[in-house]
Every structure is written in C-alpha cells, then in structure tokens.
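In the two complexes that follow, chain A is the common piece, with chain B as its partner first and chain C second.
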Partner chain A sequence: MNSPLRRRAVLRGVAATALLLATAACQSAVDAQSGGAGSTPKQGGVAEVGVNVDLVPGNVLTNSNVSITTVVGLVYEPLIRYGKDDLKPQPALATEWTAAPDGTSLTLELRRGVKFHTGRPFTSEDVKFSLQTYADPKWNGQLRSTATAITAIETPSPTEVTLRLAHPVSNLFDLLDTAPILDSETAADIGTGKRFVGTGPFKFDQWRPNTDLTFSRNPDYWGGPAHLDGVHVRVIPDGQSLLSALKSGQVQLARGVGYRDAESVANTPGVTVKPLDRGAELQAYVGINVSVPGLDDPRVRQAIGFALDRERIIKKVFRGAGYPTSLPWPKGSPAFDAARNGHFTHDPAKAQALLAEHGQPVPIVPLTYVGTDNVAASVAQIVQNDLSRVGITVELRPVDSTQFVKQLIGAQFPGLWTTTHSWAQFTPSTLAVSAYPFNARRNASHFTADTYTAAADEAWQVPVGGDTPAAYAELSKQLLDGSFLTEIGVVFEQLVLRDALHDVDYTRRRELDLGKAYLS
Partner chain B sequence: MTRYLLRRVPSAVAVLWLASVLVFLVLRAVPGDAASALAGPDATPDVVAAIRHDLGLDLPVAEQYARWVGGLLSADLGRSYLVGGDIADLVADGLANTLTLTLAALLLAVLVALVLGPLWAVSRGGWLDRALTAFHTAAVALPTFATGVLLILVFGVVFRLLPTGGVPPGGLLDRVDITAQYLLMPAVCLALPVSAVLTGFLAETLRAELRQDYVLTALAAGVSRRSVVFGHTLRNALPVTMTALGLQTGALLGGAVLVESIFAWPGLGLLVEQGITRRDYPVVQVLLMLSVAVFVVIQLLTDVAHAWLDPRVRLGGAR
Partner chain C sequence: MRRLPAQAVVGGVLVGLVVVAGLLGPLLVPHDPYTQIDGANLLGPSAAHPLGTDELNRDILARLLTGIRVDLLTSFVAVPLGALLGCAVGALATVNAALDVAVQRVFDVLLAFPQLILAIGLAAVIGPGATSVVLVVVLVEIPVFGRLLRAAVLRVREAQFVTASEVAGGGRGWVLRTHVLPNCRGPVLVQLALSMSVAVFIEGAMSVLGIGVTPPNPSLGSLLATSLRYLDLNPLFAVGPLVVIAALVLGFGLLARGAGNPALEAA
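For the complex of A and B:
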C-alpha cells in the first residue's frame, strides 16, 4: 500500500507541481524589459534604450559619445534651438533676443516659470553660471572659443541677461544652441556622475557605471510632461549583443550600431533605421600633415583629392548613409555650393597629372586610423588602394582610439589619417574656429596660411545672424586650395528603432529628444 | 614563529612595493594618455593641458607615484578619471558582479559534473556514452564568444525567453527570480567548458574506481550498481575532482572577462578592459595591485601555515 515506489512517485509529482507554480509566479525578465506589446499609442511606459559606450561625466559639455548626447538631450535644455533645416534660432529657455547693431552685445529675455529638476526656479544667474562653466577649459566645451569671446554677462533681472562680446561673433547662436543650462547648486556633482540637474523633460535618477542610466518624467516640465514615464538606457558595449537586444525587443532604440549591422537589421520586421540626416550630419575625411615631404606640395594633396573614389567609400563602408563631398558643408549649410562641392571627382588621370607636375616620387605615406573601428579600417584600406593606383604608396598604421586622439590633438600624425568630424552643420565659421582639424591658427595638419586665417576671421567676426555668403565662398576656396584635409563625404549617425517607440527626435548635436515620444 | 614572520613579511612587502612601481611605470609607458582620452578629438592643446593639470598628470612622475601610494596606504584608492567616482565603489560593485557570475557558473559546473560524470562512467559503449563524448568535445572546443552569441540568438532573440544581457534594473538583490533569468545565460556560457572538464575528470576517476576489487565484491554481494556508484565510488572520486575544481576556478575567473563583455555584465572584466582602453590609470593600477596583493597574501599565508605545520621550515630558515 505504502510502497517506496508510490511514495517516490508522489514526491516527484509534488516537486514538479511546486516547480511549475514557482515558474508561473516568476515574472519574465524579458516582459519586464520590453513592457509588453500593443498597437495603440499610450501614456506611460519606460523606453528602453541601448548604447554601445558608457557615460564619461567629465565630457558632458561635449557631444563626444552617444551616452553623453543621450543624457544631455533628456535632461538639459539650451537657451535657443535651431530648427533642423535652417539656422534660424527658435525659443527654448530664452523667448526673445535683441542683438546690438554693431554685434557686440545680445540681450535675451528668459522664459518665466521654468524650474530645475530640484524645484528651484531658473534665473539669469544660471545662464551666467552655465556660460562661464562652458568657457572653463577643464570642461572642454567644443565652442569654447565662442564662449571666451563673451567678455561680460550682465543679469539686470532674473529673467534678462545681456552678453557683451569682445567683437562681433557670427556663431553666437551656435553656442546658445549648444551650451546646456546647468543648475549652479548641483553642478559640482556632474563630474562624478552623481547628479545631472537641468530643466528638460526627464529627470536623471541614477547612473550605474558600465551598466545603465535611469531617467523619470519631469512632471513640472514647462513644455508639458512627456508621454513616457521614464527612459532606461542600458550600456551594451558588444555590437552583436546590442543588435540582439534590439532584435529581441528588449531595447526599443539602439545607438552605436555599425553601418553594416544597421543595414542588415533594417529588413527585420518591426525595426526601422532612422538616419540623423537633417542638421546633425558628420563628415568622414582624410587628414594630411602638410609638413611631411611630398605632402607639403598642394598639388600632391590635390592629387589625393582626385584619387579618392568617394562614391565607393560611401556605398561600401557607410552603406549609403551619406553622400560624397569635396567640402565639409552638408546640403543644408549656408556655405553649401553644389559646384564647389563637386570639385574633387574620382579622376585618377588628373591625380597622376598633378603628381607629374610635382616631379618627384612621393615617399611612402603612413595612414593612421583607429584599428578597432571597423569603419575607419575599411576606409583606410580603400584609401590605400585608391592612392596606390595613382602611384602613392600608403602604409597602414592602426592605433587604439586613445593613441589616435593624442596624435590628433598633438598634431603628431606622420602622414595621413582618417576619421570623422562634426560642426559643419552649424554656422560655417564654427568649423574654422572650433573644430580642431580646421582651426586656422593651429590644426593637426600643421597648415597655416594668412589667406585661410583671414577668411576664417572674416566669416567669424561679423554680427550674429549676419549673412556673409562672400565670406563663406572665400572659406570654401581656401579649403580647396589648401587641401590640408580631403573630405570623403557627409555621413549620418543612425538610430535603430523598434516600431513600438514613436516620435523619436534629435537635435543638431545628435542629442536624443524623447520629449514627445510614446510607446505603443 | 615570530622570527619566521619577521623574515617573511618584509619580503612580501618588498614584492608589493616592486609590483606597485612596475604597474605605475608600465601603464605610463603605454602610448596615449588619460587627458587626451578625456578631452576628445576637438580639444585644443590648452584644453588638454587644463585637464592634465586637473588630473594631476602634469606633476613629476615620482610625485604622482608618491601620491598614489600614499593614498593606498591610507585606504584611499583614489578616483577614476573617466567615471569620476571613488574607485573603491567601482571595484566593490564590479567584484560583487564578477563573484556572483563566477559562483553561479561554478555551481552549475559542479551540478552538471555530478549528474553527467557518474552517468558517463557507467555507460561505456552505449548511445549515452557517445552523446556525452560529443557534449564533452563540443563544450571544451567551442570558444566562449561563440557559445555566448549562440545562446543569445536562440534564447534571447528567437524564443525571447531570457534577457540578452545586462543586470536587472533594480539590482541583483531586488528580485531573485528576475536576477536568475539575467544570470542564467552568462553563467551557462561560463560554466560550459568547466563543466565538461569536470565531467570528464569525474567520469574517468569513477571508471578507475569501478575497476577496484571492493566494487566487484560489493556487486557480487548483491549491492545494486547505483548504490555502489553513488554510495561508494563517487565518494572516493570526489577528492581528486575537487583538486581539478580548484584549478578550474582560476579559469572561470579568467573566462569571466570575455563573458562579461558579451553579456554586458558589469564586472571587473569590463572595468579592466575599459580602464586599459581609455587610460584610466588609477582604476587599472588598483585592479592590478589588488590581484598582486591577493596572490602575495595567499602565498604568505601558505608559507606561514607550512612553517607552522613543519618546524623544519622555520628552523631551516633560521640557519
């Protein structure tokens, strides 16, 4: 009756039932992440975002990686915002502004009723503090040259601020669009990543290094609360793992997916690839150290320009996410000139003719790039191939990213290098005074020319909002004549999105804007 | 004993000091520096100089070293250049995650070996033997990055049963059921080769035990095969397998670095990788010194235990 076999069978049954019940009681971590699925827009929910690099708090005033541009886009706001298709400033934390006729001052009226995430009212003193912080070299604000042109910041009332300038500054609105307004009381915590307090639609809750960042809706946002309850940003350094998280629906938005991977995943049902192609462009280029024998002759540098098959690089490496160009300006830039932009066609015969004019063999040219960056490695190989066809031997030199940056900043490249740059989508003078590869007075190419410096100053030192097509044309001419770097093309960062996340937007600095986003 | 300790401890301290000098100098010999990494590509030289000053990298190397060692001696591990936070917090978080992952993998590996080892030992020539041989070969031969990607594809993307990576948003201790789901795939990935090695080892040891006379006697006396295997031979085979387990634990910790990267598991492996890539010297220095210190302390304790147990060691040293 009470045999061991029967008792064992009963015990097994009880154990199996208990296991089943325990499993059923467990919530699925996958469901918890993806927040379920539905088809109609809804209020609430947490957007899951995946990024391939972690935050560097000390770099928060730069737009140097996708984590930073995600944090800044969610938490902070600038004084004005450019539209995507033009450089006309739109109100943000400033509602009105008046520039002095001579361009040496700008008075801004600030939005009333705005509060920081701590509940403290936003005032003109915060504008003063933020712009002074931006000018501090230790924060490495990329428009610091513009910020340091501000000689005084007057705050006659909590809602009014006047900026006094050393000279007219054409790209002042670029700074006001770029510099995030910081809460002076908590700004000391930014460097340690403990607190990021702004006025934006989401409040920063927590950062776990190498793990994730969490944000919650700012219920007091002046522009109206966001649809989303919050945003959870996961750090997933491995490219394949990031892609898998997206394919499985465990993240609804991925940043930092490679061009080839984005192309392959674009055919997955429920996934779309959104290029940041309106006002947030990047540029791929080949830099040239003009102090190196051979490369010191502009004809050799122009020969490099004609030797490159830009179409092929854009098509094969960037998988069509961009277009070839001879100058840095994207199509929406006031400096864009279709004729000049097409100056360097793929013309090996012309390149060889220019090399023949040079009259001497060009020594072997080292080409430095970030070896762990598949895009840079592919570009470098095509450049090597293209130049070998016209008789220039290129030796590839892969280095790690830190070494690359050090060589770039220190102008230590022994020949050519390839990477990307930004800022050409802003006021054209910004490129010549702020983007280091183009800086007229000191750049990685060791290129100096009075005519280029004069053209850069001519474009920069005009009153804000001033239309200077002649100055831009001269700047473009100088860039083509000097050819101290050869543009490959305008390229786009890509957001890879699940269809469940709607109305994802971005700024000119590729900052993520989820203020109007919602989940379905 | 005290005299032995007085002799032995200074040599351990000397090793630690030498290691600190080597770690400090070798990291600074690597091309590229933290200020450049932090400054980014658009930085001008004056910005880099300001950051270098802020980090104290413009001080003479000897002074930087003295400050670092002084901090260590006063239990201040310093601050990360990149993260900005206390290194002690970073290391504590990373260590907790790495140990959790390693422990889970270790438990899985032991469990698998305890189930499959005896089965393999008693199933010579049959289909089970062939299946277990195939499992053993595949688990040992397949690289971790391949099994990791495969697991993610199957269980994360195709069937969507488990999270593809990361740790629970609420932390490891918030919900055990959620944590278990996050932990399962990385732990299996890490445990797979170790479990195969342990299974093979246990099976082979059991086979040797099963050839012993006492087994034949027990079987002849009518004791069931199962009782012989689990009641007698397994117990005898376990000490040898435990030795292999000890050796495999080191392999688990090493393998955790790769698994952490594949599954975005924020342990010490990720911390070291990022620290080296981005020249976060203080973090890498502390992690390297931590591993040296652990080794030196274990060595010291072993020597002390040896000397305590064997007077010849103490006296031999005194002569």
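For the complex of A and C:
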C-alpha cells in the first residue's frame, strides 16, 4: 500500500521530469536554428537553397533580386561591413581606415593574405578596379553618385589605397559596404554569368539558366573555410512548388516565398520563418510620376497619401511582417522621426478635401506593378480601391518584372507604380542621392525641386559622421511636401528555413551569408 | 425521332447550368464583385456571403459568378472563332498542294508545343488580360482544327459519292461545300467540345501562372489560384471555382463523347 509520503515523492518526481522535458523541448526549439549553445558545427554537406527568380548577370551590382543577393553574399566581399544594428563600419577586406579632417579623402589599409578564388592575391589595384567598375553606368549600381564622387584612387602599395573625393561624402562607407570587390582578371565574364570570382567563403562553380547555381567551399578563405562543402541554389519560380520543395526537405532554405505562404508554412514542424528585420528592411511604396496631368499637383499626391489604408496593407498583404510608415526611414535609422512618420493617416475625408482644393477631376491613372508578384497585385488592388473611394480612378497595369525594372530605371511609368525599395536602412543621404525612386537629380517620378536637392546635398556633402539630425529633418520635410512617392510601410523579406540548416546570416542588403552555416 | 445519348444530355445540363449562372447570376447577387467590404476579410460562409469573402474583402459568390463569364467567353467565342479560322485554313490547304505544304509546316511548328506552353509563350508576347486569354485560345485552336479538317477532307473526298459528283460536272468549290465539308462535321463537333474544356484549363492555368485575366477582374482560374494560398483560413474559398471548373470540363467532355456517338447524328 502506498503511503502519502511515497505518493508525494512520486508526484514530485513526475513533476520534476515533466519540467525537465518541457525545458529541454523549449531549449531544443530555440537551439534548432542556432545550433544550440556550445554545440559543435558539423562539417560537410551541401546546403540546398531555393529561389523564386533566376540570376540576371548584368544586374549583379544592383541587389535587385534574391538570386543576385545570394550570389553576391556567397562569392564576394566588400571593404567594410556595417553591423545590423548600427552604421559603424567593421573590418572586412579593409582592416583600418583614416579619414582626412576635411572629409575629402580616406585611406584604407587592406587585409593581407587574402586570395581570390583563382588563387591570385587581392591587392589595392583590385579595389581601384572594383570601385571604378561600380561607377560605370552600364552596371546600374545604385550608389553610383557616391562612386563618381571619388575623383582619384591612389594605390601607393598593394595593401594601401587612398580615395580622393570631390567633396565630403557622408555615405562613403555605404559604398564601401555595398560595392563587391571583383577580380579584375575575370570581371569580363560577370556580364555573361560565366564566372563570378571574389574572395568570399564560397567559389562559384556553375550557372545553368533557369535551373540552378552551384558553389563550393573556398578552402583558402581568410576567415577560415566554411563548414559546408558547398551550396546548391535551385531556381523554382512557382511559389507553390518552392513551398513544396521546402516542406519535403528538397531545399533547406527558400527565398522569395510570399508573405501568406510563409505564414501558412510557419507552423510546419521543422520549419522556421526568419524575417530580415535588423538593418535589412525594405519599404513598400506607391511611386507617382509627377509629370502626368493631375499628379503634377502636390495636393493630389498628398491626397493619395491620406487615402491609403496602410495598416490594412501591412496586416493583410504583408501578414504583419512590417509596420506602416509615411517616410522611408526604418526605426533603426538616424533619420527616423516618430512624429513625422505618422504624418499620413488613413483619412479619406482629408484626401477628398485636398482633391477639392485641386478643383479638377483627376484623369484615370494607370498603376503599374509586376503581374506575377502576388503581393504587388494585392497591394495594387487595395490602392485602387482606396483611391476610388476618394474619387481617383485607377487602372491596373501588370507587367513582367524585366519590363518593370526597365521602366523604373528609365523613369518610364505612365502614372503610379507599386513595389518595394531599399537603402533607407543606410546613411539617410544615400536614399536621396542614389536610390532610383528618390535620387534628387534624376528619379523615377520626374520630381525636381531646388529645396529637395539642397536638402539632399546638405545631408550628403558633409564628412562621414558629420551629418546632423537637422539635415535629416529637412530631408523628411521635403519628402512629405513633395510627396512624389507615398510610402506604405517598412516590410521585411523572410527567409524560410528547415531546422537542419543552422547559423544562416544576412547583410544589410539582404545578401545571404552562409560562411558560418552548417547542416545537422 | 431517337433520343439524345444520355452523356450528351448530362453534359448539356452541366454546361447549361454554368452558362445560366454566368449570365444571370451576377444580376441576382446583392454584392458587387469588385467592392472591398470593410472588415470582411476571409469570412466563412454566411447568409450574407454564401461562399464567404476573399483576401481583399470581396464576396466570393459574386466574383465566382462574374468570373464564369470569362470562361464562357473563351469557350463559346474564342474556341469557335479558332475553329472557324482553323477549318478555313485547313480547307483552303486541301485545294492547293504548295499552300498545303506551307500550311502544314506552320501547323507542325505550332503543334510541336504543348497547348499550355504555346499559350504561355503567346501571353508573354501579347501581355496578360482577358483579351490575351481569348487571343491565345484562338491561336492555339487554329492548328488543331486546321489539321483535323484537312485530314477529314482528304478522307471524305476519296469517297465514291464525291467522285460521282465531280464526274457529274460539279466544280471543286461546289463539291467541297456541298458534299465534302458537311461530311466532316462529326469530328469537328467532337473536337469543338473537347477544345472548350481545354480552353477552361488554359484560362485556369494562365491565371494560376499570373498571365491570365488581370486583377481586379475575376475568372475561375484566378479565383482558384488565389484560394490555394488561403486554404487553411477559408477552405471553402476553393470549393466554388473548383466545382464550376469541374462542371464545365466534365460537361464539355460528356458533350464531346455524345457528339461522337452515332445516336446524336441520327437524332
């Protein structure tokens, strides 16, 4: 017969075991991604990655799709790297740097013992070549204005380089974080996709168009060889097929999975959704061609800003992976201003009042978006609905992604357009002098204003670190006054991962970093 | 008078129901298929919304009934148009040997591609939209009917009654119109019904691939494509378009079988 004492002891034992099991279960769930505190990474294996779009070799310096950011992240390295939580440069291929007091030159000491994948040593001449290549208009690098502000690149020794600038450039380190260091001897092959040679942890082996890309470990990597033997990137354009490949374990990491699909797969055992929400934010927006009749009046553009239901778009289309905003700056940006960020609320009455001030009916406005992008299609339909409620008729115009990018770079949109932009997570002046939608001197909206250009230059033409909150405040004011682009919200790209792949990382440009990743 | 084959009757009823629903349904449903109703996100079935609402707060039933019209357009306008053009080209090709060779090589090229692949290729050139879907179906069907009619004409014109007609002084065109073409009707009718069901598939596949009807216009394919992403939140979202597509494809299939049944010829 059981005594009460013994029963209590048994119960205590059961409770303690349950607690231990629960703790272990919670811990293993947390450790599934990180690999577990103190766990030893396993060597070997090939990580299988699925992407929804194929590589466009000619756009490799544009960070414009997930294939490109995957290739750049695996193969190339920049001179410096920003951390995720601040804009303090950290050593990468450059180990030290000294800026002139007047901000018109920067001298960098380069890392010694670094080799390209061909075996050739990395030197200051490669830095010169890479920055000059980035400045070449044919590569459409978005930080070209910063690259062209470099008037001379001096290479006094193989490990030292000095950049001479036309004027102080506050976002110089943005360029040094962004521009990949290319091997000058093989760079001609980049445009055709034949070879991508860098100094990164993985060597490019092969690209089969519309099929896959293969990479193998760089055994001579200066930071120590990667744990993985290689990476195999499969191009799977159909969202459902990509999702199925992930669920079945054919790929361990999927990029380009839609927000709704990521939400639905998040509860699948062994699958984790990782938002790139630290320093790699994107912004969803509606661009406005201000040369179109009707849209040339800032009151109409501001009416569009008040007509949009941003909360609904973020919640229902981006499934909560972001937050609404009136300005491009994410919360971590030095230009973020909570008061100004709440400028545009969903206020159809105010929008109608602004349209009444305009005094004339707005002609039917075309809205261009990428037709095969479900997210863009949903955003476009909500924008169409919101604007129709205040009296603006919108005609939806889906186009293919190539045509869309061409129209964006060529500033050829016939009215409105919707997509996402980046670069607001960098030094704020980068957005105003570089990004296609915002560039003060030539943007996709055809918007020009002396006050905006002056505000952009005020924030840009100061030494690194010399930019001020006042300059950012003026920039924000100009963006709101001009309203040539209506922000919807800050949104996050999402990596969808199998728990078998650990320590996956990313950069501020959403480049994939598998240098420390391993399989279990 | 003999009775129609049962399969043709069942097929006709299924297609007829969908046609009536597409023509009259949108007039009877109280909701506009394009209106986004405040707060009505992915609602389940209710008296107000018998099939629930979609991801953009629109009544699914209203969109389903409106979407049927796109498929009716492709089935009853695009396919017959493609059939007419294909038959005309096919018939003309039988008159002149050189023209026949040229036409057959063009058809060879077009038929070398599966219909859906051809549709995707054409849509990439023409661009998305309902007009594109119709054009794609027309272009896809031309070689199908052209090749079919040519083969039928070559077979029928060897028949003795055609030879007799020519011997009696009938001109080539007159013989073709009066004796040959009417006797090629059977296979064309069967193919017509089959092609109508294929057209429903093409529209659906194009919409699933994002190259079909452009938003916010609904079609059966686009509704089905969207619903697949929300199955866990509103499983009934997919039921409506699935049932209608199944009814149309099955209906046309049964009609095709019925059309090939000698009983129909006799009826």
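Please note the rule applied: the second predicted complex is superposed on the first by the 476 of 520 C-alpha atoms of A that agree within 3 Å, B and C clash if a C-alpha of one lies under 4 Å from a C-alpha of the other, contacts with A are read in each partner's own complex, and residues count from 1 in each chain.
In this section, contacts are C-beta pairs under 8 Å (C-beta built on N, C-alpha and C of every residue); 3 or more make two chains touch, one makes a residue touch a chain.
This one's a predicted model, so the numbers in the text were calculated from it and none came from an experiment.
Once chain A of one complex is fitted onto chain A of the other, the partner contacts of A:245 are limited to chain B, with no touch recorded for chain C. Judged by the touch definition given at the top, the superposed model places A:236 against chain B, while chain C stays out of reach. In the superposition on chain A, A:294 makes contact with neither chain B nor chain C.
More residues of chain A are touched by B (comparison of chain B with chain C).
Of the two partner chains placed by superposition, A:414 touches none, neither chain B nor chain C. In the superposition on chain A, contact is made by A:396 with chain C only, not with chain B.
By the touch criterion defined above, A:260 lies against chain C but remains apart from chain B after alignment on the C-alpha atoms of chain A. In the superposition on chain A, contact of A:316 is made with chain C only, not with chain B. Of the two partner chains placed by superposition, only chain C is touched by A:382; chain B is not. 238, 240, 399-400 are the residues of chain A that lie in the contact sets of both chain B and chain C, per the superposition on chain A.
Considering their complex, residues 25-30, 32-33, 54, 56-59, 62, 64, 136-138, 140, 142, 144, 191-194, 208-212, 214, 232, 234-238, 240-241, 244-245, 247-250, 399-406, 408-410, 419, 421-423, 434-436, 439, 442 of chain A touch chain B.
In the complex of the two chains, the chain A residues touching chain C come out as 238, 240, 258, 260-261, 264, 316, 371-374, 377-378, 380-382, 384-385, 396-400. Residues of chain C that touch chain A in their complex: 36, 41, 55-56, 124, 127-128, 209-211, 214-216, 226, 228-230, 232.
Every residue of chain B that touches chain A in the complex is listed here, in rising order: 31-33, 36-51, 54, 79, 81-85, 90, 93-94, 149, 152-153, 156-157, 160-169, 175, 177-178, 180-182, 261-264, 266, 270-271, 274, 277-279.
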